[in-house]
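First the structure, then my questions, so here it is.
When the chains are written out, they are named A, B, C, D and E in that same order, and each has its own residue count from 1.
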Amino acid sequence: MTKVAENRRGSSFLAEVIENTPGGERIVHCLQCGSCGGSCPNGADMQHTPRAVIAMINANKRQEVLSTNTPWCCVSCYFCTSRCPQEIPITDIMYCLKRLSIREGLAQNTDATALAKTFTDLLDKYGRSFELGIATRYLLFKKPFSLLRMGPMGMGMMTRGRMAMFPTRIKNIEQLQAIIQKARQLGERTS
Amino acid sequence: MSKAKPKLALYWAASCGGCEIAVLAVNEKILDVAAAFDIVFWPVAVDAKVRDVEKMPDGSIDVCLFNGGIRTSEQEYMAQLLRRKSKALVAFGSCAHEGCIPGLANLNNREEIFNTVYKEGSATQPENPKNLRPLPETEVAEGTLHLPVFYDTLKTLNQTVAVDYYLPGCPPEAENILAAVTAIIEGKLPPPGSVIGKNTTVCDECPRKRNEKKIKKFHRTWEIIPDEETCLLEQGLLCCGIATRAGCGALCPAVNSPCIGCHGPNDGVLDFGARMMSALSSVIDSEDPEEINRIIQEGIPDPVGSFYRFSLAASQLRRKHRPANEKSATTK
Amino acid sequence: MSDTVFEPKILGFLCNWCSYRAADLAGIARIKYPANIRIIRVMCSGRVDPTFVLSAFAQGADGVMVAGCHPGECHYVDQNYKAMRRYAMLKQMLAQMGLEDNRLRLVWASAAEGQQLAEAIEKLVADVRELGPLNWPKSWEENGHRLEAIQNIAREHAEAMEVPQ
Amino acid sequence: MAERVGIYVCHCGSNIAGMVDVEEVAKWAGVAIPDVVVARDYKFMCSSLGQQMIEEDIKKEKLTRVVVAACSPHLHEKTFRRACQNAGLNPFLCQMTNLREHCSWVSTDRLAATAKAKALVYAAAERVKRQQPLEPMPVKVNPTTLVVGGGIAGIQATLELADAGYKVYLVERSPSIGGHMAQFDKTFPTLDCSACILTPKMSEVGQHENVTLLTYSELEEVSGSVGNFQVKIRKKARHVDYDKCTGCGICIEKCPRKVIDHEFEAGLGYRKAIYTPFPQAVPRIPVIDTESCIWFTRGKCQACSKLCPTQAIDYDQQDETIEIEVGNIIVSTGWNLFDCTKLPQYGYGRLANVYTNMEFERLCNAAGPTNGKILMRDGKTEPDSVAIIHCVGSRDSRHNEGCSAVCCMAALKFGHLVLEKTKAKVYSFYIDMRPNQKAYEEFYQRLLEEGMIFVRGKVAEVTDAARQPSEEGKLIVQAEDTLLGKQQRYPVDMVILMGAMEPQADAKELGLKCGISCSMAGWYTERHPKLDPVATMTDGLFVAGVCQGPKDIPASVAQGAAAAARVMGMITKGTVMIEPIVASIDEEECSGCRICNNLCPFNAIEYDEEKGVSRVVTALCKGCGTCVAACPAGAITGAHFNNQQIMAEIRGALWDAAPEAKEEPAAV
Amino acid sequence: MKLAYYPGCSLEVNSAAYDVSTRAVADVLGITLQELDDWNCCGATEYFSQDELTACAVIARNLALVEKDLDQLVAPCAACYLNLAKTDKLMVDHEELGKQVNQCLAAGGLQYTPGRVRVRNLLDVIYTDVGEEEIKKKIKKPLTGLRVAPYYGCQVVRPICETDNPEYPMQMDHLFQWLGAEVVDYPVKAHCCGGHMTQISEPQAFEMIRRLLQSAVHYEADMILCMCPMCQLNLDAYQGRVNSHFKTEFKMPIIFFTQLMGIALGIEPDKLDFGKELVDARPVLAAKLGAAETVSV
């Protein structure tokens, strides 16, 4: 891994991705075969297919990669990963790119980042996810119209008792929060 | 041979005493020995003092049977003394030959041994609440008392002084002692430096049926009742007969018990344990590193004890490693 | 060699077909690695008798490398598996003898892996350097007053024997 | 008597001298190392002047041992051994140590490199003093050769040898020779008809007076060594008497039992329970497939036996093991097709119109199940569109990491055949197009002109899940066109999977029997990948064809011929000299513990039950030394690699580490 | 057989039917499910998108809560299963990460040895551990005549798949064959349901849902069986919106496989939480299994 970073001299983005993806060392073996791009259920809607993203990482196109919508289209179906003939953990690379692009403020799909943020904020607070909370916070502020359209479905869910009105909080929330706090702290130190 | 009877000395250093008994076990023939030799020094049986030996001219003892390894300064002194005084110095029995069981203490150092004996040992502990240790020098009203220094490492006889012959075994078998002694009487000794015995291994004398060897699992002796006919090693028992010098008549395998290697290695084999390890690992039936490790770890939890039971002190490594920073304990 | 940096002495037993050639290749490719290793050529890693390894330590080596063809690629079909098993056994025994794990290493290097072999050597040298000298032969020496003690004992013996009952 | 050692330290121009103080090493060696009588350094030791210097010293100084401290022994050991021999010194009393590859070239610190060089020289000197004079051993070569595997490579090797006048046994596992090539219709890039060029060769083998053909037979055991191998071969029961049968084929015609032919027809066609794999089979003698035969399974029928005009049918025939003696062996066992069901995303085995490449070869073969018409599984419809998928199981770290080397070309061949025989559109889905031999690129260009459609992208999946009405009833090939960077769906009628060439399933096992090792991927390892591609590490054993690695027919043929040429070289010479570097057992010391008995991969150690001792068969031993290291009694010694020699080398290499090490003497 | 049980947030509320039916089926099959005390949310895909270490730490808390005498943890939800299994694997494979996660856990007074707990998916537990023989013995009401489309989705079979084929899984197919149903072998059974795309880009999500529904309809399935709350939600709750978006008329009941299994095992339909699905499965069940007493509408 360090060898790649060393020998590539100037182009550090590849090294950065490798560093931040478990199993990322495999990236260098990409054949550009397109199995991933061909497999992706959202491939048609991506600005760049996963294969192209890997080519761009290779070409040190950091800015472009971190602002493309590709990772935000990824729904973690893992087809690419399981089909890649070079055992490259593509889905995990997508996660890595999401993290980097959030960190750099380059994330294009603000809906997805907002959803993610809402979700984890609630998790941090209650220790459980809370759909109504997500719906109201995320949709109300981000997509009021879609909330309107969601109406009948939400009603359906609610009447069947499939949507809770109040969040549940785990008993030992302090413990979870201590763990999260420590993780944040360690994360800061290492990155 | 001259008219005067040849002079014989026997001495006992770091050993269990079994070898002395073995000499007596030669039975009535011991009388022939007594008749043939002039026993000039044998602390357990004959009343002669060290002082008497010191006064003998150098080289005046014809044969000295020396058993036991060298653990203390006194033993070292005696080894040097008897070396000077003797024409032929024989390392008698496994302890003098290879260190034997006392040599296994080389897995520890002096400090640890003293701790075990004087601090944790049940024999001494209630009587030794102050945790006293034997010191080489003790001041008493009458003056200074000296005790032998207890060494950190047990050495074999030939690591201390030059040795002419080796008589292996723990203890040597009566017939072999007699044969050796007879050879001395008759002046038919092998070239100096030899081990008296056969130059092949116990398997040669073992009547068990053997096949090509492939071992999937090693067993400790209590785990299985081995078949009486076939080679014990093939049944997974750590039989050292493959590497142990023949001469005992395969005593142990004959009673369904694996050879533990008391006769030491053959000529040309420098390190008994290394050869045992090499031979056994060669025939482990697996090519998977994890499985191999498992077979070894489960079957041979104590490789040093299994392969160097008699020869640790004589092995190439001789003792357990003392990390650089650990100072050897001084008894001062 | 200066006193400040400990320069370990490493002995390498390399098989004739793969590892020795990997070392040749490292040379041809001018790959650099520390000069601490001294290489002994054996026909096969299966020739390496544990006696050799112990002997190296006993004679002052601080580290030992055994290298052979990759499993499945042995010039002698499968003798490197025997080396693998001996190594496993030897490791176990050395641990019991208090020898640090990092002093002995088994490496697979094909004739094409000059770079890998060089890296393995570099790593072993670094690891052993960290451990410090082994100094095995010194382990046998008594730190202290051996000769003097013998003389005291001799004197005491003499005195004790002379004193009449 | 003390040995008289000469030490020769080479500068190699500045290759060594640039990093190692060679003069210092030589001077030091002369003083510090016991028994050294001359120690010199010289610019180029391997030059004729350098060699001359050594030769003169041997004579003048009465040297009994020589150490050359220069480059790798793999380069110049022979040179210096020869020099010693010229001067009357046994060549095995010369030892090289490697100051160039192992010291100067890899070091950065002159002082450290010089110290290392001294240790290497010391070690070599200590070793050489204990070396013993040895003589190479001459072995007579049996002029008969065994060829294993009757594909095109094996056929070529057989004919080369037989035509040169030497006897050959050709052992083939299946009922006929021919291998994979017999299944093909056309061969790329020239598109000549496979049968037209292969069948004449096959019948030549069948009729050659120097060839003993053993089909339906397998290698059981190989013992012996170069020049004199003993081989056990099991002839499987054909249930047809080889001598009586005239190959008339009435039995086949009349046999009422039809079964799917999974071997030759790749599952697309049928054969009888008594059959020859194909009409031009060599030999034409049929075999009975006892698992399908009605007589064998249900005890009825016997039609073949009743109708055979020569009473050749023999239901009681048993497997027979024969033993033959040969001097050399050529292994040419070819390859096996990747199991395409391992990639379920391509639907093979589930979606009817997904074919493997070998199925397709049969499908377009004029003698195949559809008489060469390219039809879909229903046996009626011609496809409107065909997709060919490359690299199925090749270039895939989960299956075969390597490239199969021929499937790009075979795909082009298929494309051509489809375009020629049907009106279908043809797509090729490739990762990289690799037509890299003579006239191959031209063939690719030709297919571009013929209108084959190339999509650069490995197919993600083949499915029958239609998304649009236009996709209904089709196989949809989904892939990224990587040149466009767009995901696309291609509805087609037929899909051909270019399955990888894999080593035979029993390649490793056969290799073990003969003493050939396999690479990680499972192909047989040649002696040298560049300079000795058909020899193996075992003398007298050669490989040819795909069993050594994926390749096309011309390369397989070239290797078959090359292997035959190597064998002829051995036969013409009549004797081979084998290095005396072998193990031996002292019977006095051996206790018969049998530890060593199954350690030798070349079966060189045998056990004498009567005497209860083991013995090394010198001719079989390759000198690896594993048994030497294992014998717990120390009864085995290795000539030129005995314990004393290696222990002395260790001592020498650590001369400055041992506690009793002396101070370096001041430079003279 | 006793396993630790991690229901996960979805099973708590929006997919209670899965939880209820799982517990009921487990009971009949003799599997004891011991719910983790005070488990927390697995973070779905969202935490990994933001912060890998925190994601692992949050998940590892659950692994650490598995009681010492249990070494297997079953999570019916596919996302929870994958997150738990993946975190364990990451900790095993990447020592450094494992250490850091444990540092985090230590802040909460917890500790987890990587590899200690084997994370299982519910289908595999039923398929492998209980097995054909036991299951067949317990059938009370064979599902004869019912055409079911097993739907595996993604995250149980990929990328950590030791028990089934990641491209063309078969366990659920076999399971329902044992139970007497006609199993539809349709090509998209392990394709993606759209996941959280419903929240981000509806057109994309709807298209993915449509493909699945269409294939099931094409193969004349009576219903789709799910093993993941997200899949069930997407296919069921969004079915109406998909219909209006594409002008289609899907009316495909989507239920959890455990619910239908419960019927076969003779559990009262009421105890299996039927009726919570937006496209009601009960009329189909009643019609196909032919008995009103089997399923009350």
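Definition applied: a residue touches a chain if its C-beta (ideal position, glycine included) is under 8 Å from a C-beta of that chain, and two chains touch if they have at least 3 such contacts.
It should be emphasised that the depicted structure is a prediction, and the values quoted were computed from it without experimental measurement.
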### Query
What chains do chain B and chain E have as common neighbours?
D
## Note on the structure
When B-D and A-E are ranked by contacting C-beta pairs, first comes A-E
### Task
Could you tell me which chain lies farthest from chain E when each chain's centre is the average position of its Cα atoms?
B
## Note on the structure
chain A to chain B, mean C-alpha position gap in Å, rounds to 70
## Note on the structure
Averaging C-alpha coordinates per chain, one finds the centres of chain B and chain C separated by a number of Å equal to 27
### Query
Using the average of all C-alpha atoms in each chain as its centre, how far is it in Å between chain C and chain E?
56
### Message
Based only on mean CA positions, could you tell me how far chain A sits from chain D in angstrom?
### Response
48
## Note on the structure
The positions of chain C in contact with two or more other chains are 49-51, 55, 78, 82, 86
## Note on the structure
In chain B, the residues touching two or more other chains are 270, 275, 278, 282
### Task
Going through chain A residue by residue, note those that touch at least 2 other chains and give them in order.
79, 83
### Task
Report the complete set of touching chain pairs.
A-D, A-E, B-C, B-D, C-D, D-E
### Query
Considering the complex alone, what residue numbers of chain B touch chain D?
199-204, 210-214, 231, 233, 241-243, 246, 265-270, 275-276, 278-279, 282-283
## Note on the structure
Listed in rising order, chain E residues that touch chain D in their complex are 165, 167-168, 186-188, 211, 214-215, 218
### Query
In their shared complex, at which residues does chain C touch chain B?
49-51, 53-55, 57-58, 71, 78, 81-82, 84-86, 88-90, 92-93, 96-99, 132-136, 139-140, 142-146, 149-150, 152-158, 161-162
### Of all residues in chain A, those that touch chain E in their complex
20, 22-23, 41-42, 45, 72-73, 75-79, 81-83, 89, 91, 95-96, 98-99, 102, 109, 111-112, 115-117, 119-120, 123, 127-129, 131, 138, 146, 149, 152-153, 156-157, 160-164, 168, 170-172, 175-176, 178-184, 186-187, 190
### Query
What does chain D use to touch chain B in their complex?
588-595, 597-599, 607, 612, 626, 629-635, 643, 647
